[in-house]
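Chains: A, B, C and D, in written order; residue numbering restarts at 1 for each.
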Amino acid sequence: MENSLNLAAVTFDGVLALVLLVLAWQLLRSPNLFKAIVLFISFGLMLSLAWVRLKAVDIALAEAAIGAGLTGALFLTALDRLQRNNQKAGDSLTSQPGKVIAGISVLALTGILGWTVWTLPPFSDQMLALVSSNMPISGVENPVTAVLLNFRGYDTLLEIGVLLLAAVGVLAVTPSAVMVADSAPSPILILLLRLLLPFIILVSGYILWIGKYAPGGAFQAGAVLAAGGILLATAAVRFNLSASKALPLATGIGLLIFLLVALATMMLRGNYLQYPVAHAGTLILVIEAAATLSIAAVLVLLFVGVKSDADCPAPGEDSKNFIFEEENTIK
Amino acid sequence: MSLTDLFGSFLLLLAIPFFWGGSLGLLRFPDIYTRLHALTKADNLGLGLVVAGSILISKEWTVGVKLLLIWLAVLTASTISCYLIANAARKRKINPWKIP
Amino acid sequence: MSLIDFLRPMNLPAWIISLPLLAAVVTVVLPRTSRWVGIFIAIIIPLVVVKLCIEILDQGTLQMQVGGWQAPLGIQLYADGLSTAMLAISAIVLGCSTFYARSYFTGKAALRSFWPLWMFLWAALNALFLSADIFNLYVTLELLGLSAVALVALSQTADALSAAMRYLLVSLTGSLSYLMGVALLYAANGTLSLKMLATTAPASPSLSTAFALMAAGLIMKSALFPMHFWLPPAHANAPAPVSAVLSALVVKASFYILMRLWMMIFEPSINPSAAQLIGILGAFAIIWGSVQALLAKRLKLLVAYSTVAQIGYLFLIFPLSSTPQTAQTAWQGGFYFVFSHACAKAAVFLAAGTVIYVFGHDRIDKLHGIVRRMPVSMFAFALAGVSLIGLPPSGGFIAKWLYLNAALTSGQWWWCIIIILGGLLATAYIFRFFSRAFSYLPEVAEGRPAPKIMEWTALGLALCAIFLGLTAPTVTQLLNAGKPF
Amino acid sequence: MTIPLLYALVGVVLLGMGLYSLVMYSHLVRKILALNVSGAGVFLFLVAAADRTSGPLPDPVPHAMVLTGIVVAVSATALALALACRIHQVSGTTQLTDNEPD
C-alpha cells in the first residue's frame, strides 16, 4: 500500500512536471497570442497543483487567484486593447543567427544552472528550526503568516509599497482612467453579482482570518475581494476611476497602517515593527485587514487601468493626466 | 476500508469518464457552442461525483459542508460564465456549427 | 516623549526609510498637499541624514534588528560609512532635484503622478542603501526599478514610452537574474543575511553560479557596456529632474549592491579573472560611451552617453582592488567617482533640462551663444564639466587620482591609459558643446526665461562636485567609518 | 532523484525557456508572458529548495519570499501591460522600435 501510493505520487509529479513544461513551451511558441494567454492561465492553475505538491498551500491559493486569475485577466484585457485596431499584430522572431546564439546561450545557462541545482549541498534546517521555536511568540500559528508579517514583516511592508506604486504607475501612463463597457451589462451577470458578492466578501474575510492558523492571509483575501471588485467594474456601464474619492484612501490605507504600526512600535519598544508579544496577533490582524483592503483596491485599479479605453472621450490632456482627479464627477 | 470508503472511491472513479469526455469534447468538438456544452455538462457532473465521493470518504461533517459549498459555487460560476461566453459569441455573430 | 527620544540614533535608519514612504501615501491620498509634502521631505531627509552622518562618524556603525529578530530569522538594517555616504549623496541630489522639479513641472498634470513616484523612488534608494539582507535588497530593487520606469514614462511622448518599456524589461530581467542568485545562495547556505553569508558561504559551484547570476542582473541594471543600450533613450527622454536622479543615483544603486556582494561574499572565493573581465567591460564602456557622446546631436543624449562612459570607471574598481595593498585606495576611488559623478551629472542634466525649458529643444548645433540667456546654468555646466573631466580641484580629480594610484601600485599600468584616454575624450565632448554655448553671436535664439530656482539648484549641485574635491579628508573619514570592507 | 529536485529542475528549465522567448519574440505581450514564465521558474526552484528539509515540514521562509515575489510580479506585469497599451495608442505599434533618439 505504502509503495503503491508512493508510486502514484511519483507518477503524478512526473506527469505534472511534464505538463508544466509542455504548457510553457506551447504558450511561448503559439503564434496566436490569445491562445498563448489562455495557455498561460492553465499553466498558472497547473502551477498551483505543483505548489500543493510542494506543501506550499499558501502559494497555491495566491497563484490561483493572482498568478493565474488576475494576471490572466490583465493579459486578456491588454490584448483586447492592443488588437482592436490592427487585428494581426506581427510577432516576428529575431534573425536566424540571433536565434542560434540566443538558443545556445540559454541552453548553456540552463545547463549550468541545472548542474548547480543537481549538486546543491543538503539544505540546512536552521531556518525552519528558528521559525518553529519562535512561533509561540509570533502571535499567529501559520508559519508562513508569521514570516510574512512578523519575522520578515519589513519585506511585506515594502511590498505593499510596490503594489501602491504599481497602481500609481499604471494610472500615470493611462491618460483617461475610465472604463466603458461594450454594451449594457447582461442581466445574468447582475444576477451573478447579487448572488456572489456577499459570499465573496464573506470568503475574503474568512481567508483573512484563517491566515492566522492555516494557509490564507492578506494576499489571498485581497485577491478574492479584488475578484469581486473586478466583477463589479465589469458589470458597470461606466466606471470612472478618477471620480472615486474612496479609492485613493483604500489603496493607501494598507501601507499607511503598516507604517504607523511600525513607527509606533519603534518608539514604544525600540525596534521597528517589534510587536509586543501579547498584542502581536491583534496587530497583525489589524495590519492584514488594512492590507487586504488596499491589495483588493490596487488590484481592481490595475485591472481597470489596463482595461480603460483611452479612445473614449478624454477631456483635454492636462485635466485628465492625473491619478485621482477630485474635480471630476461621474457623468 | 469501510463500506462508505469503498463507495466513495467508486464515485471518484466514476467521475473519471465524465471528465475524460468533457476534456475530449473541449479538444475535439467543432465550435464554441458544442465545446461549452461538453465542458459544462460533463465536467459539472464529474465534479459532482468527485464531491459526493469526497464527502463519503471525509470523516468530518464540516469538511463535507465545505465540499458541498465548493460544488455549489462552481456550479453557479460555470453556469453563468458559460452563458456569458455563449452570449458574447452570439453577439459577435459566430454561427453554430451544422452537420455539413 | 521628547524629541531626543524620537531621534534616537538607533531609529534614524527607520525614519530615513519611513518618511518618504509616508509621504508617498499622503501624496496619493491627498494629492493637493503633494507639493508641500515634497518640499517637506526634501528638507527633512537631508537633516536626518546629517544627524546620521554625525552618529556614524562617532560610532562607526549602526544596526537595527527589524522586528527585534536577530539574523538569520529577521532582517537587519545596517548603516556604516559607505551606506551613510550613499544616503547623503542621495539626499543632496534628490533634495536639489525636488526643488528643481517643483518649478519644472509647473502647470503640468503629470505632476499628480510625479510626487508619489518621486517619494517611492527616494524611499527605495534609502531602503536599498540601508538593507543588509539579500532578499530585502531584491524588494528594494523592484521598488526602485518600477518607480524609475514610471517616472521615465511621465513625459508621455512616443520615444519616452518606448524607452520606459525597454527599461522596464531590462530592469525586470535583471531583478529576476538577481533573485535566482538569491535563491541559490539561500538554498545552499540557509540564510539571507549579508553578514552571515560573508562569514559562512564556502566556495562551491552554487556560489559561483549565484555570483554570475547576480552580477549579470546588476550589471544590466547599472547599464555597464554592453548592457547599456537601454540607458541613453531612457535618460535622454525622461523629464529633466528624473534624468538627473536616474543618472546620478539609480544606476549607482545596483552598482553599490554588486560592490557589497563582491567585497563581502564573493571576492575570496571567485576566480579573480572575473574581476578582470568586468574591468575590461568597464574600459569598453569608457571608450564607447565617450565616442557616442562626441557624436550625439542632442544635449541630453550627449549627457546620457557620458553616463555610460562614467559607469565604466566605476567598474574598474573590480580589477584595481584585486591586490590587498590597493583594495582600500581602489574602492575609495570608485566611490569617489560615484559621489562626484552623482553631483556633476545631476547638475548637467538639470542644466540641460533648463535649456529645453527655455528653448524648447536641445539640438546642440542650434544652441549658439546660449550662455548669455542662462549664464548661471552654463556656469553650473562648466563646473560640473570640470569634475566629469577630472580636473583639480574637483571630486572627479580625487577619484581619478586614487584610481591611478591604485593602478600603478598594483602594477596594472594599462588601466592608467584607459583612465587618461577617458579624460581626454570627456574634454572633447564637453568642449564640443561649450564651443557653441559660449560662442559669441550678435543674435541669440529666443526663449522664455527660466525660473531662478532651476538655475541655482543646478549650480548648487555643480559646486558640490567641486567641494567634494576640497573636502576629501572628511569624505574619506566618513567612508572609512565602520570599515565597510 | 527526489521530488523537490524534479520540480527544482523544471523551474530552471522554465527560467531558460522564458528568457529565450523574451529575447527572441518582438511582441510586447509575448515578452511580458515570457517574463512571467521565467519568474514562475525561479519561484518553483525556490519553493522546491524549501521542501528539501530533513523533516516533513517545509521551510516557510521561501514560501513567504515567493508570495512577495508573486505580488511584485503582478504589479510589474500590470505596469508593463499598461505601458504597452499606451505605446500602442501613441505610436500604433506593439513592438519596441529600434529608434535611437537623434
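Keep in mind that, in the parts below, a contact is a pair of C-beta atoms (placed from the backbone, for glycine too) under 8 Å apart; a residue touches a chain by one contact, two chains touch by 3 or more.
In this text, all values refer to a predicted model and were calculated from it rather than measured experimentally.
Engineer: Quick check: more C-beta contact pairs in A-D or A-C?
Structural biologist: If we tally the contacting C-beta pairs, A-D comes out ahead.
Engineer: Provide the C-alpha centroid distance between subunit A and subunit D, rounded to the nearest whole angstrom.
Structural biologist: 13
Engineer: Approximately how many whole Å separate the CA-defined centres of subunit A and subunit C?
Structural biologist: 31
Engineer: So how far apart, in whole Å, are subunit B and subunit C when each is placed at the average of its C-alpha atoms?
Structural biologist: 57
Engineer: Do you know which subunit B residues sit against two or more other chains?
Structural biologist: Not one residue of subunit B touches more than one other chain, so the list is empty.
Engineer: By the touch rule stated above, which residues of subunit C touch at least two different other chains?
Structural biologist: Where subunit C meets two or more other chains at a single residue, that happens at 135, 139, 142, 146, 149-150, 153, 156, 161, 164, 180, 187.
Engineer: Can you pull out the residues of subunit D that are in contact with at least two other chains?
Structural biologist: Residue numbers touching two or more other chains: 15, 19, 28, 45, 49, 52, 61, 65, 68, 72, 75-76, 79, 83-84, 86.
Engineer: By the document's touch rule, what are all the touching chain pairs in this structure?
Structural biologist: Every pair of chains meeting the touch criterion: A-B, A-C, A-D, C-D.
Engineer: Give the list of subunit B residues in touch with subunit A in this complex.
Structural biologist: The touching residues are 73, 76-77, 80, 83-84, 87, 91.
Engineer: With touch defined as at the start, can you tell me which subunit A residues reach subunit C in the complex?
Structural biologist: Subunit A reaches subunit C through residues 112-113, 115-117, 119-121, 123-127, 130-131, 134, 150-155, 158-159, 161-162, 164-166, 168-169, 171-173, 175, 248-249, 251-252, 255-256, 259, 262-263, 266-267, 269-275, 317-326.
Engineer: Give every residue of subunit C touching subunit A within the complex, in rising order.
Structural biologist: Residue positions touching the partner: 1, 5-6, 10-11, 14, 18, 21-22, 24-25, 28-29, 31-32, 64-69, 72-75, 77, 107-110, 112-113, 116-117, 120, 123, 127, 135-136, 139-140, 142-143, 146-147, 149-150, 153-154, 156, 161, 164, 180, 184, 187-191, 204-206, 209, 212.
Engineer: Write out the stretch or stretches of subunit D touching subunit C in their complex.
Structural biologist: These residues of subunit D touch subunit C: 15, 19, 22, 28, 31, 35, 38-39, 42, 45-46, 49, 52, 61-62, 65, 68-69, 72, 75-76, 79-80, 83-84, 86-87, 90-91, 96-97, 99-102.
Engineer: Which bits of subunit C are touching subunit D when the two form their complex?
Structural biologist: Against subunit D, the touching part of subunit C is residues 135, 139, 142, 146, 149-150, 153, 156-159, 161-162, 164-166, 168-169, 172-173, 176, 179-180, 183, 186-187, 192, 232-233, 236-237, 297-298, 301.
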